[in-house]
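Each of the next two complexes has chain A plus one more chain, namely chain B in the first and chain C in the second.
Now for the complex of A and B:
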């Protein structure tokens, strides 16, 4: 019974990783770029929304759209500054370093907006409930539900709609797509905006379960999202969802067995082993084989 | 005066760290593991001088060899994975090293005081320089002698056949392999060499700050290490040196009067340089001492 409870806790906690990994996966899938500033841009979106909320003092119904707007704006800023100027093949490394530089900038702006070390965050009033001997946290169930819905919508949008075809065309070969008349710059910007909206939802849900914001949230997001994405599969939306849940499950069990300090060590060891044995993640192998980027020099 | 010596020390370590990443970038490997080797060098040589009471030169050497041994081990899996996957895998390695030292507790009695690494408290008693009466200017000159030796070695490497082999692998692996270059040896030895340089840098860092803890070895430092050679350009070793002086000397120390707003400008300035000179600072005309002056020639 104990193990079942731990598994449930782990999976429910992992749903927040899934949500963040989805945004990462979208950007990686379309642009083949790693956005190191993703977590920080979410933190900035949250910080800006909290700052506006402090000034205007409005209810949570208006707060959520504000978070989403600011998250997508900060993501768009990152895209314009770091990714748009370097969208050639040689620019992969340069854009990563640029996104690192912008990471520090965004963290600093967030620190200016939220001067306290910890800042309370409006939490959704959802109670816990019991099922036999098992406990469930209502807000975490909401998380996993929303993560599932978002990944389903994204999956349908990418594989069943006309916009999805454009997205996949740009992802497959940006140059060919450009020759066929796709506006690749616009597609890239829109991808970042969508990733910002998803990230905003993720950040809101994660922070409302923890009911506080710390300046470390940005780094936490980047790291966990990246690890969950890599475990699940590069650029695979379904993989990102399962990768997050798997990461949550493993972390919960390993930290229960070996103590909380081993939580992070095991996370990274799993990541390293997965990368060495199946570079491209557990579910992304097929996608990865198609990818020309495998042999592309970075 | 002390302040300027401090800046010189910082520039020294960061140059060494940047050069270790530079050596790997020549072979086309973007590695964030440098900070892991840096940490191994720092702790290993610190433990040798504090607990075993070795001479500083010997301790630095053994620390560097230990770091290069781990780099050798990392080099083999790194052959399998390339590009952005290598970045993530090496991030995982660095974090595992950092978390290992976070949990490392090895306290012994020495002369009535307890010394040694103390988990999250850090490793506080690395007082070799103070105990042996080294003046600050001697420490700085010692660090810079090492830096100059490393720069000279890498400069010489570019003049001989080894340098061309490294660059050939970096430029096009397939072509290099067809011309009879053994990729395994080249890549693993570049990784080992990078680990050696990072290990020396770590030893020097530990001894001149007298205190290291896990917080000194975060991903931030790893990203700095790769940012230097990329910002500086891979044309020759001086690019890295310029970039370190530009970031550490001008951006970080020079903008100190701006207080909290420094980080805002810091990120933006790096982005601006990256936008105008994506191939590195070394391509700015004022740094061009070569006989050829043709535009676009890199």
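Now for the complex of A and C:
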């Protein structure tokens, strides 16, 4: 029975990884670039929203949209600074490295906004459910539910709507999409804004279950989101969802067996194994095979 | 007969960073005619088309489309004005289905005229039956010839007045090349003005009305088919002066 309880806890916890991984995956899927500053821009969004909330003292109903707005703004800032000026092929590495630099800047600003090491965070008043001998935390149930809904909406939007076609066209080949008259710059900016909104929701849910923010939250987001995305599959929305759950599940079991230190060890070990066995991720495209088949076919 | 020029290019100069790829090219395309731009590798043919389509910005010179100066305009504007480019190596979207590729081609109209776009897709299927068979197949899984047809159909989805085609024959089997060229000829007969860039000079000579010859970023000949056949200039351009 305790294994079932641990599995449930792990999966529920993993759903927050899923949400962050979805944001990563969206950006990677459209631009084929990794935004290392993603977690930090979410932290900045949270810090700015908390700062405003401190000044104005408004209720949680206004707090949530404030978080989303600040998260998308800081994400848009990262796009404008690190990604928009380097939209050539050679710019792939440049934008990753510059996003790493911006990470430092964003973390500094967040530290200025929230000078205390830890800062309390408004939590949702949701009770715990009992089901036989099993316990479910209400806020975590909400978390997995929202993660599922958002990945389903994103999946439908990307694969079933006309905006999705444009998004995937840009992802396939930005230059060719430009030839069709598509404003790729605008598509990229919108992608970052949507990723900011998703990340904002994820950050809010995670922090409200923990009731506190620490300056390490940005790094935590980037690390877990990136690993969950790479496990699930690069640029695969469904993969990001399952990757997060799988990561949460394995972390919970291994840290229960071998002690809490194993949480981080698990994260990196899984990443290593996946990268060796299946570099494109479990549900992503097999990148090497894909490239080869594209060159072969004439 | 008065001939209207759909496209006029005056003294166009374009460079990639430090390298000047076009050193003053002046061409014009007549409405409803098929204009071919020939020349060896590195002559600047593709650069010329990219500049016309607004992907590259020229350093100097003017591009006039239907009497309007379109130099330095954004590609998205040009597509709406009726200029479409079929890029070299087709560059279809490999992970989109054939149908989605066509929808992406109608990008500018997608939001407003969804139903008309659907009709246009059925028209494309009537014109290229092979695309209908493959409509739900991923673009990247088709053969080169089919991909080329898809690329042409996708460009036609933007309802162009002037179609720019960059080496449609490259990498295709001779039989397929013939098929593609007959499609080009047919489109031209239906009233679409075409600027065709080709390395396959003999094929281009069969269907073109007007010819320009580029070499090392400069234009070395311009004129009708009769003129180009008389001057034997193609041999000179491809094989060097002594061959002439």
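The criterion applied here is as follows: the second predicted complex is superposed on the first by the 285 of 298 C-alpha atoms of A that agree within 3 Å, B and C clash if a C-alpha of one lies under 4 Å from a C-alpha of the other, contacts with A are read in each partner's own complex, and residues count from 1 in each chain.
By our rule, contacts are C-beta pairs under 8 Å (C-beta built on N, C-alpha and C of every residue); 3 or more make two chains touch, one makes a residue touch a chain.
As the structure is a prediction and not an experimental result, all values here were calculated from the model.
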Using the touch definition from the top, say if A:82 reaches chain B (first), chain C (second), both or neither.
first
In the superposition, chain B vs chain C on chain A residues touched:
B
Does the superposition put A:180 against chain B (first), chain C (second), both, or neither?
second
According to the stated criteria, A:275 is in contact with first (chain B), second (chain C), both, or neither; which is it?
first
Which holds for A:94: it touches chain B only (first), chain C only (second), both, or neither?
first
After the superposition on A, what does A:22 contact: first (chain B), second (chain C), both or neither?
neither
With both complexes overlaid on chain A, does A:264 touch chain B (first), chain C (second), both or neither?
first
If we overlay the two complexes on their shared chain A, which of chain B and chain C does A:166 touch? Say first, second, both or neither.
second
Which positions of chain A sit in both the chain B and the chain C interface?
293-294, 297-298
Which residues of chain A touch chain C in their complex?
162, 165-166, 168-169, 171-173, 175-183, 293-294, 297-298
Given the complex, residues on chain C that touch chain A span 53, 55, 74-76, 78-80, 84-85, 87, 91-96, 100, 103-105, 107-108, 110-111, 114, 140-141, 143-144, 154, 158, 171-172
Please name which positions on chain A make contact with chain B in the complex.
32, 34, 36, 81-82, 85-86, 90-94, 96-98, 100-109, 111-112, 219, 223, 226-227, 230, 234, 261, 264-265, 268-269, 271-272, 275-276, 279-280, 293-298
Across the complex, what residues on chain B touch chain A?
28, 30, 77, 80-89, 91-93, 95-96, 99-100, 102-103, 170-173, 219, 223, 226-227, 230-231, 260-261, 263-264, 266-268, 270-271, 274-275, 278
